[in-house]
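Consider the two complexes below, in which subunit A is the common component and subunit B and subunit C are the respective partners.
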Partner chain A sequence: MAAPQVITPAQRWHPQLLRLATLVVLGLAWETASRFNSTLNLAMPSLLMIAKALFAILFDGKFYQHLGITLWQVVASMVVGGLAGVGLGLWGGLKRRFGQAIEPYVYYLAPTPKIIILPVLILMFGVGSGSKIAMGALSCFFPILLSTLAGVWQINPVLIRVGRSFHLSNRQMLTLVYLPAVMRPVITGVRLGLGMAITGVLLSQIRLSNAGLGFLAISAFQTFQVADMYAILILVFALAALANAGVASVERRLGG
Partner chain B sequence: MSAGALAVEHVGKRFVTPQGTVTAVEDVSFSVKKGEFVSIIGPSGCGKSTLFAIIGGLLDQYEGRVLVDGHTVDGAHHDIGMVFQEESTFPWRTTIENIAFPLEVAGMPKKERLEKAVHFLELVGLTDFAHRYPSELSGGMRQRTAMARTLAFEPKILLMDEPFAALDEQTRLLLGDQVLRIWRELNQTTLLITHNITEAVQLSDRVLVMTYRPGRLKREVPIDLPRPRSSEVVGSVAFGQLVGQIWKDLREEASRGMKATEGGRND
Partner chain C sequence: MKAWLHRPALWVLPFLVLGLAAQEAGVRLGFIPQVMIAAPTAILGKMPMLVAEEELLERIGLTFGLTFAAAALAILAGVPVGWALHRFRLLNRAYESWFVGLGAAPLILLYPLFLVMFGRNLFTITLMGFMVAVIPVVLKTREGMDGVRPVLIAVGKSFKLSGLRLFWKVQFPAAVPVIFTGIRLGLIVSLINIVALEFLVNIGGLGRLINDLAERFETAAMYGAIGFVVAISVTFFVLTERIELWLRPK
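Here is the complex of A and B:
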């Protein structure tokens, strides 16, 4: 006979309820700090002010212009960095010697903050969208390359033998075995890369630009419109979360 | 689908390893008649899998010849369809898509190939699982999917390497019945490579016993149990005698293999 289960108070809290409660507590702490401490008040404006700023921005056409520029730069850098990463990853995965030769470079370059070479990118691609896209592409290239490489190397070897036993051409081997087999790791790489691309684009917008959400945030900061800055940060966060959820849903659909 | 006859003539394979040359298979000759079911049985490390790869055309540079209907075959070819020991279904394809795979490779239009795949789906009894992914199937169902996929290739010779090795004994016996039914329906020339004596006797017309390294043919045992056969045959006296007879041959080889492995040498 199983003993009756003891339900502790912690278990009675539904995780989602607990999550909501955490948010409420944090909000209250923020609001308290903002109201009763004049130094903090500058860094942490009242939530009401942030909400107001958020609505003002959402109803301002200029915001959408900057949003559009940022989206275009992120998408372009994902296309450039993603194609390069998947392409080189497949090549390096299939040509094992080549892959093993470049692996250490990739491995050590991947976690290096790419922002340090922004000046070089500005010199190469100019102060406009070019250098932002280059930065985003460089940022997402490495995680996508690494997961593609790993994906090809981890293909179940018997599937290759199955392909050979049905005498597939090289082209069919690529399209019917290798590509579908690496789809999942590639999508995982894309999800990781997307975060990096967004970071790369926004960071370079913050450093030097006259357009994009990064620029909006940094100019709000420079003119002491701190509530506006927070509003933009919230929107950036929402954008990143949305993009991540989008890729994750593709990932789930592939789960089969 | 036309059945074919398989002939293996003086096939041998040596591997060069850092420890020296290993003769995996030496001077193996045998033939399988049209529509016949033959098993090759041997201990672990006897070169069964090497022989499988050679006949299937996945290994080049070997001695001797492999012939289908009197013609030498070289490399992977349409005459011989392979079923592998390992889990080999494509995890991103449903059962029906897996079965239709060789038809897709051959360039058959989608509608046509799915229609044709249904036939093989029914043959292996997976009609209710047509649109499931391998991860949603049992091990036995996945191996049946792999078998149906190879049958859809319509090979003259069906070549199987311990396809049920990973399954439990009861499932294996029941799948044996299915294999026999399919073999009869298609009049499919079949060569099964296995280490399982029961399986070999249950299914085959003849069993060829292999020696431990180098892998040579030691003896041919005709299985004269009546056909059609079902798994109930394992209870008969004649079945027990055949198993005993094969084990007598195999025992010596298996213990040689065991000694070699325990002596610190790997396969």
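Here is the complex of A and C:
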């Protein structure tokens, strides 16, 4: 048996110093390019300007209105796409033939670029929140469905036999055996789907909208408010990372 | 008949045909507005127009050209970086989490930033394709190199191979199946991002075609183009998956 690898305090510190040094070098390179090249300055405003824009946006009430709209659209799309994905995943997992019939289609359609369907969604649901929610729902549906389907198929058969031996009804089997057993894969699917829903909603807002963080970012781009655009994108990435970390902590609590 | 029974995926086809027939009937009888959903026969009827007037084949060539260019850049940059992460553990401990984080981040949302920096052109699209493709190539190269069996390296050393020759003759060939998994993932995410950007920025091949047709309210042709992009993405996915299986050690 191999001896466990011992990491000394020095070895623990070196990677952190390297990361810090990298950030400092990147920051200095950015600042130099911004200050000493007038052409690059247009595309790369100084870090101080970006920081100022960030604080101005954070203290502007309008930002929170757009944030609220984006959050509402992401949550609604997760509810629609998540319920459809979990429902179909459970159904396909329990009715194995049905699951086997749909699985290849879902598996191969999952990695197609969903944003190209936006014109169809706009025709069906209009230019308002409906088409953004539909795009988010479509984006998160596939990972949640695939994860749930795999989760049901991987349930320990002993659990199912125990449930049957207690003569549980179908409803009791669902609530007492299947749902608790698939909770972890469902949460994993939700974590993957959440990132896709956020991307789907924001891309639809960027493409055609008059509200939401995607709209705010593209408006800043179109009006040459480049520092504002950087600040909004930083906030969008921070929020996406925060949401991902939140779901990941639930996943870990469930034994991930 | 038996093959039909043993392949549940084929059972979906009759339902698919029924659905398309319902769509055709719904549109023809006026239950479904034509501006919203086109009849399947009208979509099929637009295919010759898409090929002849909308230069479908040239657009496919352009989109795949951009995808392969992005993937080639990702291989050129990603394999050496992945090797460096394997060879120098300090680099791996410092940067692996960055690569993993970037792989999960919605990088496509950075496209306005890239437009500001590099302009609205095909180079920007390729660069964004490269940016998402390089991450799986780096991570899988490192994983492939880490997974080379020590016995193979010992055999190489017993033949007095060292440094670059050990890498080319032993380590790299042994890691190729895993590295290809990274290249395949890179190709797929690159294709998805490039088509999406072509659509969003209205430049390039297949994505731009869908945007053009949508803006001209050519609903049937737009459905045809979307169906075509989905079909081509699935085919590309299946083909690269087959190559990956073929490369995997039996």
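Worth a mention:
We take it that the second predicted complex is superposed on the first by the 236 of 256 C-alpha atoms of A that agree within 3 Å, B and C clash if a C-alpha of one lies under 4 Å from a C-alpha of the other, contacts with A are read in each partner's own complex, and residues count from 1 in each chain.
We adopt the following convention: a contact is a pair of C-beta atoms (placed from the backbone, for glycine too) under 8 Å apart; a residue touches a chain by one contact, two chains touch by 3 or more.
Just so it is clear, the model here is predicted, and its values are computed rather than measured.
After overlaying the two complexes on the shared chain, residue contacts for A:Leu54 are found with neither subunit B nor subunit C.
Contact with neither subunit B nor subunit C is seen for A:Leu94 once the two complexes are overlaid on the shared chain. When both complexes are overlaid on chain A, the residue A:Ala84 reaches neither subunit B nor subunit C. If you count the residues of subunit A touched by subunit B and by subunit C, you find the higher number for C.
Touch criterion met: A:Thr112 reaches subunit C, while subunit B stays clear of it. Of the two partner chains, subunit B is the only one that A:His167 touches; subunit C does not reach it. By the touch criterion defined above, A:Leu159 lies against subunit B but remains apart from subunit C after alignment on the C-alpha atoms of chain A.
Every residue of subunit A that touches subunit B in the complex is listed here, in rising order: 156, 158-159, 161-162, 164-168, 172, 176-177, 180-181, 183, 254, 256. The touching residues of subunit B, counted against subunit A in their complex, run 56-58, 75-78, 81-82, 84, 86-88, 90-94, 101-102, 104-105, 133, 135, 150, 153. The touching residues of subunit A, when paired with subunit C in their complex, are 11, 14-16, 18-19, 22, 42-44, 97-98, 100-105, 108-109, 111-113, 115-120, 123-124, 195, 198-199, 202-203, 206-207, 214, 217-218, 221, 226, 229-230, 233, 236-237, 240-241, 244. Interface residues of subunit C facing subunit A in the complex, by the touch rule stated above, are 8-9, 11-12, 35-37, 90-91, 93-95, 98, 101, 104-106, 108-110, 112-113, 115-117, 188, 191-193, 195-196, 199-200, 207, 210-211, 214, 219, 222-223, 226, 229-230, 233-234, 237-238.
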